[in-house]
Amino acid sequence: MPTVLPAADLESNPRVKAVFDDIRATRKSDFINNIWRYMAFDEDLLERTWDEVKSVMATPSELDPLTKELIYLAVSIINNCEYCVHSHSAAARAKGMTTAQHGEVLKIVMLAAKTNHLSNALQVPVDPEFMLKED
Amino acid sequence: MPTVLPAADLESNPRVKAVFDDIRATRKSDFINNIWRYMAFDEDLLERTWDEVKSVMATPSELDPLTKELIYLAVSIINNCEYCVHSHSAAARAKGMTTAQHGEVLKIVMLAAKTNHLSNALQVPVDPEFMLKED
Amino acid sequence: MPTVLPAADLESNPRVKAVFDDIRATRKSDFINNIWRYMAFDEDLLERTWDEVKSVMATPSELDPLTKELIYLAVSIINNCEYCVHSHSAAARAKGMTTAQHGEVLKIVMLAAKTNHLSNALQVPVDPEFMLKED
Amino acid sequence: MPTVLPAADLESNPRVKAVFDDIRATRKSDFINNIWRYMAFDEDLLERTWDEVKSVMATPSELDPLTKELIYLAVSIINNCEYCVHSHSAAARAKGMTTAQHGEVLKIVMLAAKTNHLSNALQVPVDPEFMLKED
Amino acid sequence: MPTVLPAADLESNPRVKAVFDDIRATRKSDFINNIWRYMAFDEDLLERTWDEVKSVMATPSELDPLTKELIYLAVSIINNCEYCVHSHSAAARAKGMTTAQHGEVLKIVMLAAKTNHLSNALQVPVDPEFMLKED
Amino acid sequence: MPTVLPAADLESNPRVKAVFDDIRATRKSDFINNIWRYMAFDEDLLERTWDEVKSVMATPSELDPLTKELIYLAVSIINNCEYCVHSHSAAARAKGMTTAQHGEVLKIVMLAAKTNHLSNALQVPVDPEFMLKED
């Protein structure tokens, strides 16, 4: 049960259609998943979010696509976004994540959460060795 | 200002010494960072946490060491652990993270947090296309 | 599927009835939404929560009712409370939130989450200019 | 202690200088606060973040500037960003937030967090009355 | 560096003095810790917060005082409140928490965070066996 | 809708069967709840998680079983894990949690969240009185 309703014929809006067409072209797929359909009630939100996703996730860069997807998945797990856990688990599998790698990501997320809370509980002082040095 | 005080001579405790020795041997470094020193007040906590860190992070696996470190860093940022942000930024640099990759990790974390909250705000229904199928 | 079950005839309990009657009178509506029905298993919890909601949200103050509702909605999104996202999206619409304003709230929440995580990731030092000065 | 170091002469980089100049012009102030100086190590991050802040926060819209700032502050409190709590408390004061309004924002944030956790603890079912209806 | 400044002579305000006197009488101690001094800028916030703390934490009830304090500490760790981790670690020690119990609390918090994230990552369906039954 | 699918005959895997048998023996019950069935796709994850749960939660220690369960429940509420809120509410009831105690836990969680956010919003300085002293 969503908190906004997508318009009946979303793509009759030319700004929406332009974004959806670019999503299809970029992903080489006709499938537009729900997050894009539901955010389209605000064209500016749709255009800016897609521009950012395309720039950060769909443009060749110094991190490979699977690594980027696994980081996205890890954040989505910690933020407890049900939709995003599903969409990014699926995206990671589509980019080659194996079952063993899936298990590894979960173990890193769990371990990190564990030591994050431990450090905060103990208020551990930061080691001076971690400090960056001016060149 | 921590919430527990490390004992004056931590390594006079043989269980603590054994863990610290294994940390040094595994990392090929004499440096024991503070988190280990502060959790040593509970030997069981120290032994189990190191065992898990060694197994998940310091054992060759299907994800490369830098990818694992970047996932750990991303989780630490979202959980807002000051100590961990410092220790895992340093660890990622030590494993080869470039400044450009650092910027990329931040951009993925920021984008993921953004779409996580958007999906939750809109209560977007999960697409049936994401569902796993029995073989 | 809830973790407590409301009693069959909640309002046969005079403490529950008194609170429900005051909710109806304050809101000028017969509708008692579920959160009140489910917390009624603990009369003290019910009485104190309603007293606080009435004082903070339903009493004229220096912030107008819609502004207060939008802040409530923003917090509910970040805390990822499905029930609250629904109830406070509906309450904000009832208090006049337009579709454009809904989109704006989402964009502020998303931007704030983004710069919050960036600041924490960079451990940006607080500018002395932000410090309060004694008169 | 930050996790990146700003370059000695940041504004010798023309992309950085262009953003800083636009911040100064938009805010009609010479003051560039630290978050901008520390994120400048990645010009793309700087340009995109400023573009988004300018669009969402510094452009006249259907929500007044103080309301937008209070929502930003509320999110920063929940996300526990020390830097952002300081910068947005200061920004809200600069936009006219009174001490009484500051107290009100805190009371709404605290109440919302409280009922958010209560709803999640009880797994309260969403009332069908909150559902959006097709026109 | 706080975001509000306590008045120079807080207790010249009779509403503040009345709360501080009740804190001293309830705790049988002259010490007023900082959280009360800083929230006193809004007397209503001070009065309501103390009323709730006194009712929930300082009134004999079906949970013993140490158990209540350990739950408070656990929540403060997860919410990453530096001040609260300090004040509630100290309060728990004052109520008899041993070093071994401190270690146990940390291990439960860490384990819970771990399985919380695992369940969310796997989107594990709730077992019907957990459902409450009408009598 | 989960993100992994349990194998059809989970216990034909001897590592999985060994863990399930130990869960049954430890809990003196034939019931294996879903979290164990879904994490079994990664035997190492299953073995390590059960080993930790058994050690922390099912071994006699200096905190009684109900206190430990209530701490676990409180963390699960704050982390907003739907599955865990259900499983640990049920486990707490099985260990003797009364309805009144359930209400108390909720009130402590809500109060703690409230003062956690207040402290962070005010950036309250830590009292030197909370500092640990060397013996």
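Descriptive notes on the structure:
Order of writing sets the labels: A, B, C, D, E and F. Residues in every chain begin at 1.
Please note the rule applied: a residue touches a chain if its C-beta (ideal position, glycine included) is under 8 Å from a C-beta of that chain, and two chains touch if they have at least 3 such contacts.
If you're wondering where the values come from, they're calculated on a predicted model, not measured in any experiment.
Chains making contact with subunit B as well as with subunit E: A, C, D, F.
Listed by label, the chains that touch subunit A and also subunit E are B, C, D, F.
Compared with subunit E, the chain whose C-alpha mean position is the greatest distance off is A. Fitting subunit C to subunit F on C-alpha positions gives a rotation angle of 120 degrees, to the nearest 5. Subunit C has its Cα centroid 27 Å from the Cα centroid of subunit A.
Separating the centre of subunit B from that of subunit F, both taken as means of CA atoms, is a distance of 21 Å. Subunit F has residues 1-4, 44-45, 48, 52, 78-82, 85-86, 89, 100, 106-107, 109, 111, 113-115, 117-118, 120-123, 126, 130 in contact with two or more other chains. If you draw each protein chain as a dot and join the dots that touch, every dot ends up joined to every other dot.
Those residues of subunit D lying in contact with subunit C across their complex are 1-4, 31, 33-35, 38-39, 45, 49, 52-53, 56-57, 61-63, 67-68, 70-72, 74-76, 78-79, 81-84, 86-87, 89-90, 98, 100-101, 104-105, 107-109, 111-127, 129-130. Residues 77-78, 80, 82, 85-86, 106, 109-111, 113-115, 117-118, 120-123 of subunit D are the ones that touch subunit F when the two sit in their complex. Every residue of subunit E that touches subunit B in the complex is listed here, in rising order: 80, 85-86, 89, 99-100, 102-103, 106-107. The touching residues of subunit F, when paired with subunit B in their complex, are 1-5, 44, 48, 52, 55, 126, 130-132, 134.
Of all the residues in subunit C, the ones that touch subunit F in their complex are 1, 3-4, 41-42, 44-45, 79-81.
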